[in-house]
Amino acid sequence: MEKIQVGWKKIEEIAGEQGVKTMKEVQDFSPKLAKMAVEHGYGDIYSDDTLDLKQRTLITLSSLISQGDQGTALTFHFKIALRAGLTKEEILEVINHCSGYVGFPKAIASLSIFKKVYSEYENENK
Amino acid sequence: MEKIQVGWKKIEEIAGEQGVKTMKEVQDFSPKLAKMAVEHGYGDIYSDDTLDLKQRTLITLSSLISQGDQGTALTFHFKIALRAGLTKEEILEVINHCSGYVGFPKAIASLSIFKKVYSEYENENK
Amino acid sequence: MEKIQVGWKKIEEIAGEQGVKTMKEVQDFSPKLAKMAVEHGYGDIYSDDTLDLKQRTLITLSSLISQGDQGTALTFHFKIALRAGLTKEEILEVINHCSGYVGFPKAIASLSIFKKVYSEYENENK
Amino acid sequence: MEKIQVGWKKIEEIAGEQGVKTMKEVQDFSPKLAKMAVEHGYGDIYSDDTLDLKQRTLITLSSLISQGDQGTALTFHFKIALRAGLTKEEILEVINHCSGYVGFPKAIASLSIFKKVYSEYENENK
Amino acid sequence: MEKIQVGWKKIEEIAGEQGVKTMKEVQDFSPKLAKMAVEHGYGDIYSDDTLDLKQRTLITLSSLISQGDQGTALTFHFKIALRAGLTKEEILEVINHCSGYVGFPKAIASLSIFKKVYSEYENENK
Amino acid sequence: MEKIQVGWKKIEEIAGEQGVKTMKEVQDFSPKLAKMAVEHGYGDIYSDDTLDLKQRTLITLSSLISQGDQGTALTFHFKIALRAGLTKEEILEVINHCSGYVGFPKAIASLSIFKKVYSEYENENK
């Protein structure tokens, strides 16, 4: 199986159909950016089992919170975190942890993104 | 036990005597900054067991790589990671993972910091 | 009085009831993040009188403009700045000053946030 | 001709009437910030012919994508890029290129800003 | 007096002969960058008396700490801060304040830069 | 030819033997990071001819200056820029241009990195 196929399969596995759809929208406007993101991000990175999905999710969330992501990527990855089995308390603690490393403004800004994602997630999983 | 004491104990537990010494040097020049870092960073954050030390280390390393830390904090926390039992391969994979989220320059810059830390660590633990 | 109480009192003093309400909303979803922000941010930092409130506000605004805050924290702290007695001209000059240190895009982005805050502030204080 | 006039002329040349209008709005609320942006940004920088407009646009877009600009400046400069004759494919490739240097989240976030700008541009130029 | 002259005079006033020398070294290799920094940074910004020098120094230090400046600019501006009459305690408190807004790693990294500057300053002013 | 081979060939073409050696050092300590950087960075990105090498160099330099790269990557890419035929004046103007977008501290910090690279380059090409 080629790396691009490995990547798409991995996205479906960790982000579900909704995740595939999001990446397909990137692909519609920029086929090459999607190809690189899928091959490099999911074929090379997420498919390597040196770290497991929960661990990778912690790393991703911390990176996004630390760079001040305004929602596009954080929304996508908070959902992956919940699907991967991280609890609300664990995700809140990732944000708490980051407050010491990047300060309160980025922590609080990402909290309000998570609040929205979590509320939707709860509604969908009632 | 007061939070400040909890914090100092936690630093000793995870960063060893060398870690305590580093924080004492901060304290010598800026008692208040050290006090806040110990209370907030180690008393509040690392002492909470919602996440374990390995998980916290992944979050910390990702935050530092993502903000382009030039060595002061990365050196300190790469050592904590090795002490916490993360293998060389796992730490390299944290850096690999971050390359997709913050690009290759920050990944490669932190690689060379880790290379130095790892080489010292190996010498000390022969 | 415990540090957490000192912190809440300080928020009320500098940010008014509206500021307390904003922090209570953080607390509703993440009690620990609010606790750390109140204790560390307001109990430790704003309650120290080595620098006065106007000086602290200049430091805070500069930090937020420099890290590209998208509004959550800048809105909160522009209000505090106006309440602290900084004039419109002084706050505009903070933004002007920052343009040389972080470039025009972040200066102009924060200008449009301040424009909204100032317009609301004027309406409330007619 | 004074530098401020050179600057305003340059904005009109590269960003059109719409660009002048945007800068006039900055000027209405903060005359000094507009003055500095026009003199320094357009009188000093864009008016220098060591680099041509297409080259300057590549530099500007890369800087904005790399600092995680959330739209105010990127929208303005994507329009300038299209007016300068950069094709959709070339602009997409700027974003692709940046993905390796700042990671996929900032690349994808700027892609969605460009998508909006491009769609408007196409409608206006039918 | 032209803006460039106003700027050079202002540098001499606030940064002394050593400050002028530093900017002349920039000028030797890049006359235009020096010209823009002097005109925009010192002619436009520092020469405006809406904010006084102590206030501007607080804003500058906060911006540099927040963007993770590794020493070139922080060294220059810590010296200006001391010359402007800010005490060691006040400057340490700027760093303390920033720890809540950008996290401990950047605060501690800038502390060690300040430690060096302060030690030199003390030796020169015995 | 596989993408990894395309990538290594591209590095040799644009960065010469010295560039290959630098990437081989990354490979010695972290084979996977080197593989991803070569495939993604050079196989996918630099090998695409939608933009030419001079254009890509402008984009890269702007990204590195904007993210405050402290030298590892800027040194590598200033050399590529000179090899690609960008003149000293053009590279200085990239830095000048960036000063308006990210402020003077990052511009001046990257100037001193370029000064060193340029001085070595001149010595080697006498």
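By written order: A, B, C, D, E and F. Residues from 1 in each chain.
Just so we're on the same page, a residue touches a chain if its C-beta (ideal position, glycine included) is under 8 Å from a C-beta of that chain, and two chains touch if they have at least 3 such contacts.
These numbers come from a predicted model, not from an experiment.
Colleague: In this assembly, which chains make contact with subunit B and also with subunit C?
Modeller: Touching subunit B and subunit C alike, sorted by label: A, D, E, F.
Colleague: Looking only at residue numbers at the subunit A/subunit B interface, is the share used by both copies over half or under half? Answer same or different.
Modeller: On the two sides of the subunit B and subunit A interface, the residue numbers are mostly the same, over half being shared.
Colleague: Would you kindly give the rotation angle relating subunit A to subunit D, two copies of one sequence, based on a CA superposition and rounded to a multiple of 5 degrees?
Modeller: The superposition gives an angle of 120 degrees.
Colleague: Distance between subunit D and subunit E based on Cα centroids, please, to the nearest Å.
Modeller: Once rounded, the distance between the two centres reads 30 Å.
Colleague: Mind checking the centre-to-centre distance between subunit A and subunit E? Centres are C-alpha means, answer in whole Å.
Modeller: Averaging C-alpha atoms per chain gives centres 39 Å apart.
Colleague: Hunt down the residues of subunit C that sit against at least two other chains at once, touch-wise.
Modeller: Residue numbers touching two or more other chains: 32, 36-37, 40-41, 44-45, 48, 63-64, 67-68, 70, 92-93, 96, 99-105.
Colleague: Quick one: label the inter-chain contact graph as line, ring, star, complete or other.
Modeller: Shape = complete; every chain linked to every other.
Colleague: Of all residues in subunit E, which touch subunit F in the complex?
Modeller: 26, 29-30, 32-33, 36-37, 40-41, 63-64, 67-70, 72-73
Colleague: Contact residues on subunit C for subunit B in the complex?
Modeller: Touch residues, subunit C against subunit B: 32, 36, 39-40, 44-45, 48.
Colleague: If you look only at subunit E, which of its residues touch subunit C in the complex?
Modeller: Its residues touching subunit C are 37, 40-41, 44-45, 48, 50-51, 55-56, 58-67, 89-90, 92-94, 96-102.
Colleague: Using the touch definition up top, name the residues of subunit B that touch subunit F in the complex.
Modeller: Listed in rising order, the residues are 68, 70, 92-93, 95-96, 99, 103-109, 111-112, 115.
Colleague: If we count contacts the way the header does, which residues on subunit A are in touch with subunit E in the complex?
Modeller: Residues 99-105 of subunit A touch subunit E in their complex.
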